[in-house]
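Below: one structure, written as structure tokens.
So that you can tell them apart, the chains are marked A, B, C, D, E and F in the order they are listed, and the count of residues begins at 1 in each.
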Amino acid sequence: MLEAWLRPRRVVHAHCDLPCGVYDPAQARIEAESVKATQARYQNAEKFKTAGETVEDYRTRALAIKEQRADLVKEHLWVLWTDYFKPEHLEKYPQLHDLFWRATKEAGAAKKSQDPDQGQKLLDEIDEIGKIFWETKA
Amino acid sequence: MLEAWLRPRRVVHAHCDLPCGVYDPAQARIEAESVKATQARYQNAEKFKTAGETVEDYRTRALAIKEQRADLVKEHLWVLWTDYFKPEHLEKYPQLHDLFWRATKEAGAAKKSQDPDQGQKLLDEIDEIGKIFWETKA
Amino acid sequence: MLEAWLRPRRVVHAHCDLPCGVYDPAQARIEAESVKATQARYQNAEKFKTAGETVEDYRTRALAIKEQRADLVKEHLWVLWTDYFKPEHLEKYPQLHDLFWRATKEAGAAKKSQDPDQGQKLLDEIDEIGKIFWETKA
Amino acid sequence: MLEAWLRPRRVVHAHCDLPCGVYDPAQARIEAESVKATQARYQNAEKFKTAGETVEDYRTRALAIKEQRADLVKEHLWVLWTDYFKPEHLEKYPQLHDLFWRATKEAGAAKKSQDPDQGQKLLDEIDEIGKIFWETKA
Amino acid sequence: MLEAWLRPRRVVHAHCDLPCGVYDPAQARIEAESVKATQARYQNAEKFKTAGETVEDYRTRALAIKEQRADLVKEHLWVLWTDYFKPEHLEKYPQLHDLFWRATKEAGAAKKSQDPDQGQKLLDEIDEIGKIFWETKA
Amino acid sequence: MLEAWLRPRRVVHAHCDLPCGVYDPAQARIEAESVKATQARYQNAEKFKTAGETVEDYRTRALAIKEQRADLVKEHLWVLWTDYFKPEHLEKYPQLHDLFWRATKEAGAAKKSQDPDQGQKLLDEIDEIGKIFWETKA
């Protein structure tokens, strides 16, 4: 992993409307990992909570944090969809619209689910998007 | 790059105070890449601007966007510093405090500089932090 | 207009992921009206600016405000697309994905254009979405 | 409703300090509808919750969402009060200050109440403001 | 000043809707000081700017920052007005509504003015509010 | 207290990257007072809650609010650390880095603790920072 970090970095990828040309599906993925980790910790609240809080407190906080992280997943995916992808990409990957629609809906579903398997499904959909993203960059 | 994306992902790294245990210096790095790209585009406003805006308009927008991206760099670095790193890390890497102080000050300086070399310096400092981060994960 | 306001209000329209069931394309439209009004004022900065600011100051502020309003347009449209519309709607309106893609791209373009005609185009696309939205509510 | 949407739109009303001249009490109203809908769903959590969450989870989320929506109501009302209304309006409607004070206090009270009747009271106060607003526009 | 800091702190004053009971007009004042300082620096851009930016760049950033600080002034004042002050205060200080209306309007005017005297006027109005606030606390 | 407010104000202290030169540890302190007050009210939820909410509702809201206030404490402290303090201050106060690290970690801990004594510890650490800050201003 360290090696991967040190390797000359990819010449990367837009995420504002200047546009600056820096985009990276890693942004959505990191937040989705946080969503899944939070679901897993919710399930083991007893183990993860600290001394100063009850299991109920811990779960309340987990829900509030997951709500925000899932919003960030949506945000990052929407930006990729609208700002990075161009008509020529859509031609080559006609599934793009549906893929983003399902992935952002899955991020919304993550707010209502405390099951890490749901979070994994979200990660899988982001990875499908990531695969296409990196192919267009190749 | 595509291959790197597809490879079984690192089992990653906390960034909220649940804490969920998901941290990744890539978050700060992506924003810093955006800062540097914006500085470069500011320098070539004539070339990058679109038909509906003047060079002055384009630069105004570049400055406003850079201001926000630099803030995000600071934010992500501060979170890593306070939330991820523990006393045992500091013992092994006594330069940690200074490294983060300099990197966040450099992110502040990025708001005042339109020079991509300054942005590169910021990226280099983030990479120093990233190197340590991944060593602690090894 | 007053009458319209007083008339028994539509029992409307979800915009959070509870979900609360309250959605309304008016949210995107109001921000888009602000975008267009800002473009028009940018064109007549001399007339609209107040005594304490230069034409350049006024335009700088107009650009910064337009940037934010255009972001809000995107935000509200994305929420409608992902959260309100369901597969059965898509079946009846197969143009939905493309319509939202174009409208959010137009909102992004609004940041780079100082031409009120561009803002009008954005409003027209939002109205196309609004028309479908209200048909699904009928 | 559809017809209302299609009708030539009102030439509307400022909500930034450019100012762009676009104001509309609908912004506060939509958020207040969300507040009331959330209160109603809190009361019927058993029915509205999805399979992946407990009644307690659902209510926790409802409270967090209501907190934010009520804040947005306040925000939109404050902007109307300070930015749209002018001394000549106050002269004609001397109750304006008190009306806004009560309405924003009611929005604060909405955070502490799970009763949809309270949400309706908030909506009624916003409608009083809306009535005056549209009279000044007539 | 140091002494003032060290002195046993005032048993303070609400600013959320829990409510937690912590309110302090210092929050609005600090942001207003920033507004005035920014106006003064705008006037002396040549002197204050750093080597990596032009006078125009510096002023653009000053305007963007002032816009945000002025918004924070409004926000903090609105919270004080709606959340802290109660009917019994209004009875004793019937000028309260008008005072807050003028002060928040002045904060809006600060976005359009580059004159530190305007910023001082804003500070004076906040101080009038602060005086009343501390009398109600006495 | 009133007198302290009326006294000719300190010629104050930067908190943006213009920079405008206005900094004040009071910003972090006020939020930390809110954190502690919220912890105390959580402990006496029965007494502080209003009629329209259950003890559980009140505690859920207290946790969500405390989460945000603790974030603001961190934010204000990070800004002071990176933006206000200079190498010459560090030379004179070599404990600065550690002090800020501990204080921001304490703010993170405040999210997980419902004990007002923990909140007091956070206040004490902020006061240590405030003491140094005012000495550098003397």
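Assume a contact is a pair of C-beta atoms (placed from the backbone, for glycine too) under 8 Å apart; a residue touches a chain by one contact, two chains touch by 3 or more.
It should be emphasised that the depicted structure is a prediction, and the values quoted were computed from it without experimental measurement.
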A correct list of chains touching both chain B and chain F reads A, E
Provide the labels of all chains in contact with chain A and in contact with chain D.
-> C, F
Interface composition of copies chain A and chain C: same or different, split at half = same
Using mean Cα positions as chain centres, tell me which chain lies farthest from chain B.
-> D
Rotation angle for the CA superposition of chain C on chain F, to the nearest 5°?
-> 180
Which of these pairs, A-D, A-C or C-D, matches B-F in more than half of the residue pairs in contact?
-> A-C
When the C-alpha atoms of chain A and chain B are each averaged to a single point, how far apart are the two points in Å?
-> 19
Chain centres from averaged Cα atoms put chain D and chain F apart, in whole Å, by 32
Touching two or more other chains - residue numbers and ranges from chain B = 17, 56, 60-61, 64-65, 67, 111-112
What is the shape of the graph in which nodes denote protein chains and edges denote touching chain pairs (line, ring, star, complete, other)?
-> other
Every chain pair meeting the touch definition is listed as A-B, A-C, A-D, A-F, B-C, B-E, B-F, C-D, C-E, D-E, D-F, E-F
Contacting residues of chain F [partner chain E, same complex] | 1-2, 4-6, 9-10, 12-18, 20-22, 24-27, 29-30, 33-34, 37-38, 41, 48, 61-62, 65, 68-69, 127, 130-131, 133-135, 137-138
Along chain E, where are the residues that touch chain D in the complex?
-> 17, 67, 70, 74, 78, 81-83, 97-98, 101, 104-105, 108, 111-112
Report the residues of chain A in contact with chain F in the complex, numbered from low to high.
-> 49-50, 52-53, 56-57, 60-61, 64-65
Of all residues in chain C, which touch chain B in the complex?
-> 56, 59-60, 63-64, 67, 109, 111-115, 118
